[in-house]
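Here chain A shows up in two complexes: once beside chain B, once beside chain C.
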Partner chain A sequence: MSLQVNDLRVYYRTLAGDVRALDGVTFSIAEGEIMGLAGESGCGKSTLGKALTHFDSRMRYVGGDVVLDDEPLPIMDSDAMDEFRFWSVSIIPQYAMSAMNPTRKIGKMIADLLESRGEDAAAMRPEIERRIELVGLQRDVLDRYPIELSGGMKQRVVMVIATLLNPSLLIADEITSALDVSTQKAVAETLIEFRDRQLVRTMIVITHDMSILAQVADTITVMYAGKLAEKAATDVIIGAPKHPYTRLLISSLPEVGVRYADKRLTGIPGNPPQLLDPPLGCRFQARCPLADAQCREEPPFVEVEPAHFVACWKVS
Partner chain B sequence: MLTLDHVSKIYKVGTFGGTDLAAVKDVSFSVDAGQVVSLIGESGSGKTTIGRMILRLTQATRGTITFDGQDVAKLPRRGYYRLVQGVFQDPFSSYNPIFKADHVFGMIRSVYFRGMPNAEWDARVEAALEAVGLDPDQVLHKYPHQLSGGQLQRLLIARALLLDIRMLVADEIISMLDASTRIDVLNLLGDLKARGLGILFITHDLSLGYYSSQRTLILLRGQIVEMGATEKVYGNPTHPYTKMLIASVPLLHKKWRQVEQELETTAAPAADACTYHALQPELRGDGASAPARPALVEVEEDHFVGCIRPYVKGAC
Partner chain C sequence: MRQYFARKLAIYLVTFFVAVTIDWMIPRFMPGDPVQGMVSRMSLEPEAANRMMGFFLGAFGLDKPIWEQYLNFWVALAHGDLGISVWQFPTPVLNIILSAVPYTLALLIPAILLSWVAGNQFGAWVARRKRLDNTVLPVGYILTATPYMWLGILIAWGLGSVLRVLPLSGAFNYSMSPTLTWEFFLSVYTHWLMPFLSLFLVMFGGWAIGMRNMIIYELESDYAHWLEALGAPQSLVRRYAFRNAVLPQVTGLALSLGVVVAGALVTEVVFSYPGLGYLVLQAIQNEDYFLLQGIFLFVIIGVLVANFLIDIAYVVVDPRTRVGMQGRA
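== the complex of A and B ==
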């Protein structure tokens, strides 16, 4: 068992009160697993990624624990996390395009970063060059400034930086969203390559794009309004989802081969609830066609079939 | 209805505008009433520039754009915007947050329907909202932050409908919307088409283009490389760039490797594998700038392809 997250709660402090962005999340990831984390904007997927690596100033730890490779991760304590960041957990942030220092050449910037962690940058240079080539770039990008690179190239450089110290857990937050389709494919395939070469042992790939997850993920976890809705193997989530939200979501996705004239897809009416004061019970009940009185109680996130977890009273 | 005839847009860049940058090169196509045409291109392909030229937000450097045979550059602006309107990518920044969202309707009224009695105007607003599937009680007299992205985007389309437009330029209108609501906006394009509107649907997403359009244009570096009936362009892609795009789209039910094998795109395209020149051998070697050279040749009925030169360096 590589990563175990137990009843994690992280809220955002605002003047109006706490926004419950992550409200009791429990899951585990196996060794070598690429877990896709899908959900709409505001469902808490990026908060989960940030909670596992680096709390920003507005985030407040409320409860729960995280165990990585049998060692508890002190996520609530930013200083204590310094020992784990980059070595054990690492993140490719959502805006990797602007994550690099524009005044430094890329090679120099990487060397600075490594030295700040007490690593010998000169000795690692051959390895850096090897990895730059592994992601499909020329090694001379190390002598260039970030401005000279395209978005996809920058994304891949940040990927190399984030994984240089071979972390056991890598979080990739919306790394393909801002890219063109052809670069998107190259970057997504690099993720699998990193796992297959064991540079990274487990991964959480956060995206709103279900079809990217269908290509790269081993399992998919679907979040809705700060809670987990469903987790199962990729084929199961795509082919035979059980949670009403997942089912409606999957059936609303257009793909090449589906046309308006032949098969009219429908969206999900309504909006996700406000997390400032979320409704009691199942958070999808207001939009759910199956909802009844029972849904006013909170459904547990239970294993309904081997390795298939669902939080819904209507699924037994 | 709307026709672009050899339209080019050249930007002056560099110190003192010494360098020419061709954002759009020799583009010709037309959009008929009751037709959704999708214009597909990656970032920097010039797709938005084409939309802006049609909406007269920027002027074409060469070529003409005509609406019902009249040069749009010579039509009075006010009259032209009664017929042609645009909706853009970011619904959140299209509104002034100080005013209520329906202020955009009031602006239309003050310019175009000054003398209209209130009852008649209200009926008009109601009809427009009904056409975009919005409930007036839910969206009128609300501030932009109280509405979802999908609702805001549909309000903007309703605003365009108040004018009895005949053509809509929809530039990436659903890229910023969540999966569960975007399909409703996409379906709306189909409904508007049924009402006889011509729609130019500009997108980078091939699955959205396939779902909603009858004709597809593939744009690369400002040039159309393939154009035709949607099922022909997707079913029998001829240009190597189109093939690459189709092979890169992440699908839910098919892995990338499988699509690559079906399309045989794994090998780099050969420099002499140009369908355009195979069909028009007499045009070989006369250079891209030859004035009489047609931009596209017909491969089958209603399916045209361009030279591979914009995609394969040094070809032809």
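== the complex of A and C ==
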């Protein structure tokens, strides 16, 4: 097991009280696995990504532990985390378009960053150039400023920087949402290439776009309102989901070959619950067609079939 | 690049033309007649007074139609002739101004530059350090909200009147005449210190607050967060934040130059420091149009030149302006 997350709880501090963005999340990722993390806005998927790398000022660690390559990851202690950041854990942020310092040439910024981490930037220059070419860019982008690059180019440069020290775990947060469809595909293929060349050992790909996950992910984890709903291999989640939320989510996606003039696409009625004061028990109960009295109690996230985890009383 | 500077230069020339025209208009459309005042101070017989009036009007060129006066003004300006002072008749205005300019520059340039550098460093250092932010920053707010002359009076009272460590007025001891001796330089320095301090402190507070706010903004920006997520030390993050936060401060420096000149005016008056500001007061009190006009002209030129220099500096420090100029983005 490459990454193990056990009962992780991270809340957001607000004036009105704690918002339970991550409320008891448990999962593991195998060596070489690309795990897709899907869910709608506000379900906590980006919070999970940030919790594993760098807490923002409003996030508060409440409980749980993380083990990466048999070593505990001190996510609650930002100073201790510095030893792991970039070398073991790295992130491609949601805001890749503005992730680079606008007033520094890209190559110089990379050198500054590497040197601040005690690496020999000059010695790594050929490797940086090789990887820039690997993602299909000219090496002269290193002598340019970020504003001189297009969105897709910036996204790829950020991917190269994030993976420069061959981290064990890479978190890719919404890396395709700002790109057009053809660039999305190129970026998705780059992710797989990074893994196949062992530049990155395991990945968490956070997105709300199931079609991207179908292309890149080995397994998909579905989150709902701060908790995990289901985790299984990609084809199982797409083809035979068990959790009622996943089923509704998948059925609301358009399918190739179906004419929606004849059959109307349906969404999921209702809205996710407030995480400031979430309801007891299953958080999907208010929107779930199968909900009954038992759902007032919290369903455990259990393995119903080999490598297929579901948190629902109605499955199993 | 050349096109950019050509355009900038054209804008500055138009600004110069308009500003100088207004400068020419102001004294002429102001109430009061300086020649009449001068003649009446001589308390002559009416006949002689009329003759004197005619002489002075001719000497100053005020007997011609207004449009001719305006044209003559530009012609004279092109020859570096700013006219003759009414107050210190018949000294040329240019000579009076040139003798005051060194004092103003010696006061303003160190005060502006040192307060800018020190304020930026200090503001960046205070930002995000909670205890300092809560204790030192309010001092910055008080300083920057203080009118220049009021702080000047406070300093003059404290250091000059109560403690008696520094002299209260003038540019050097009134009993001395300028010589190249240590004694004279020391006198110049001690007289310079208080007006300098009062200008420096007020500006320092403003820069420190501006910088602190900009640094906090930069530290919350995406690139800073990503660097932190990649484990970059605070020294690198702050170095980048400082460099980017300084850019608006450079613009602020350009914008504040005009205001600073006005600040120097009241400060010079408070300390009777013989710079341009003190001269403005003299010119107004003596209804000396030509002198006033000449001083304003110097201020206009000073502000425009300083702004042009800052435009150039901006191109050097911010790559984004360079990209805009080359027309690719």
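The working rule: the second predicted complex is superposed on the first by the 314 of 316 C-alpha atoms of A that agree within 3 Å, B and C clash if a C-alpha of one lies under 4 Å from a C-alpha of the other, contacts with A are read in each partner's own complex, and residues count from 1 in each chain.
To be clear about the criterion, a contact is a pair of C-beta atoms (placed from the backbone, for glycine too) under 8 Å apart; a residue touches a chain by one contact, two chains touch by 3 or more.
Just so you know, these numbers come straight off a predicted model, no measurement behind them.
Asker: Is this a clash or a fit when chain B and chain C both end up on chain A?
Answerer: In the superposition, chain B and chain C stay clear of each other.
Asker: With the two structures laid over each other on chain A, which partner does A:Asn101 touch: chain B (first), chain C (second), both, or neither?
Answerer: After superposing on A, A:Asn101 lies in contact with chain C but is clear of chain B.
Asker: Is A:Ser182 touching the first partner chain B, the second partner chain C, both, or neither of them?
Answerer: Once the two structures are laid over each other on A, A:Ser182 reaches chain B alone.
Asker: Examine A:Glu148 and indicate which partner it touches, taking first as chain B and second as chain C; both and neither are also allowed.
Answerer: So A:Glu148 only meets chain C here.
Asker: Please work out whether A:Phe194 is in contact with chain B alone, chain C alone, both, or neither, and reply first, second, both or neither.
Answerer: neither
Asker: Per the contact definition in the header, classify A:Tyr12: touching chain B only (first), chain C only (second), both, or neither.
Answerer: Neither partner.
Asker: Could you tell me if A:Leu248 is touching chain B, chain C, both of them or neither one (first, second, both, neither)?
Answerer: first
Asker: Is A:Met81 in contact with chain B, with chain C, with both, or with neither (first, second, both, neither)?
Answerer: Once the two structures are laid over each other on A, A:Met81 reaches chain C alone.
Asker: First (chain B), second (chain C), both or neither: which does A:Phe301 touch?
Answerer: A:Phe301: touches no partner chain.
Asker: If you stack the two complexes on chain A, which partner ends up touching A:Asp209: first (chain B), second (chain C), both, or neither?
Answerer: first
Asker: After superposing the two complexes, find the smallest distance in angstrom between C-alpha atoms of chain B and C-alpha atoms of chain C.
Answerer: Closest C-alpha pair between chain B and chain C: 6 Å.
Asker: Pick out the shared contact residues on chain A: the ones touching chain B in one complex and chain C in the other.
Answerer: none
Asker: Contact residues on chain A for chain B in the complex?
Answerer: Going through chain A, the ones touching chain B are 40-41, 151, 180-182, 184-185, 188-189, 208-212, 214-215, 238-239, 248-250, 252-261, 264-268, 271.
Asker: So in the complex, the part of chain B that touches chain A is made up of which residues?
Answerer: The touching residues are 42-43, 148, 150, 178-184, 186-187, 189-190, 204-208, 210-212, 230, 234, 244-246, 248-253, 255-256.
Asker: Which bits of chain C are touching chain A when the two form their complex?
Answerer: 221-223, 225-233, 235-236, 240, 243-244, 247, 317-320, 323, 328-329
Asker: In the complex of these two chains, what residues of chain A are touching chain C?
Answerer: Touch residues, chain A against chain C: 50, 53-54, 56, 81-87, 90-91, 93, 95, 98-105, 112-113, 116-117, 145, 147-148, 158, 161-162.
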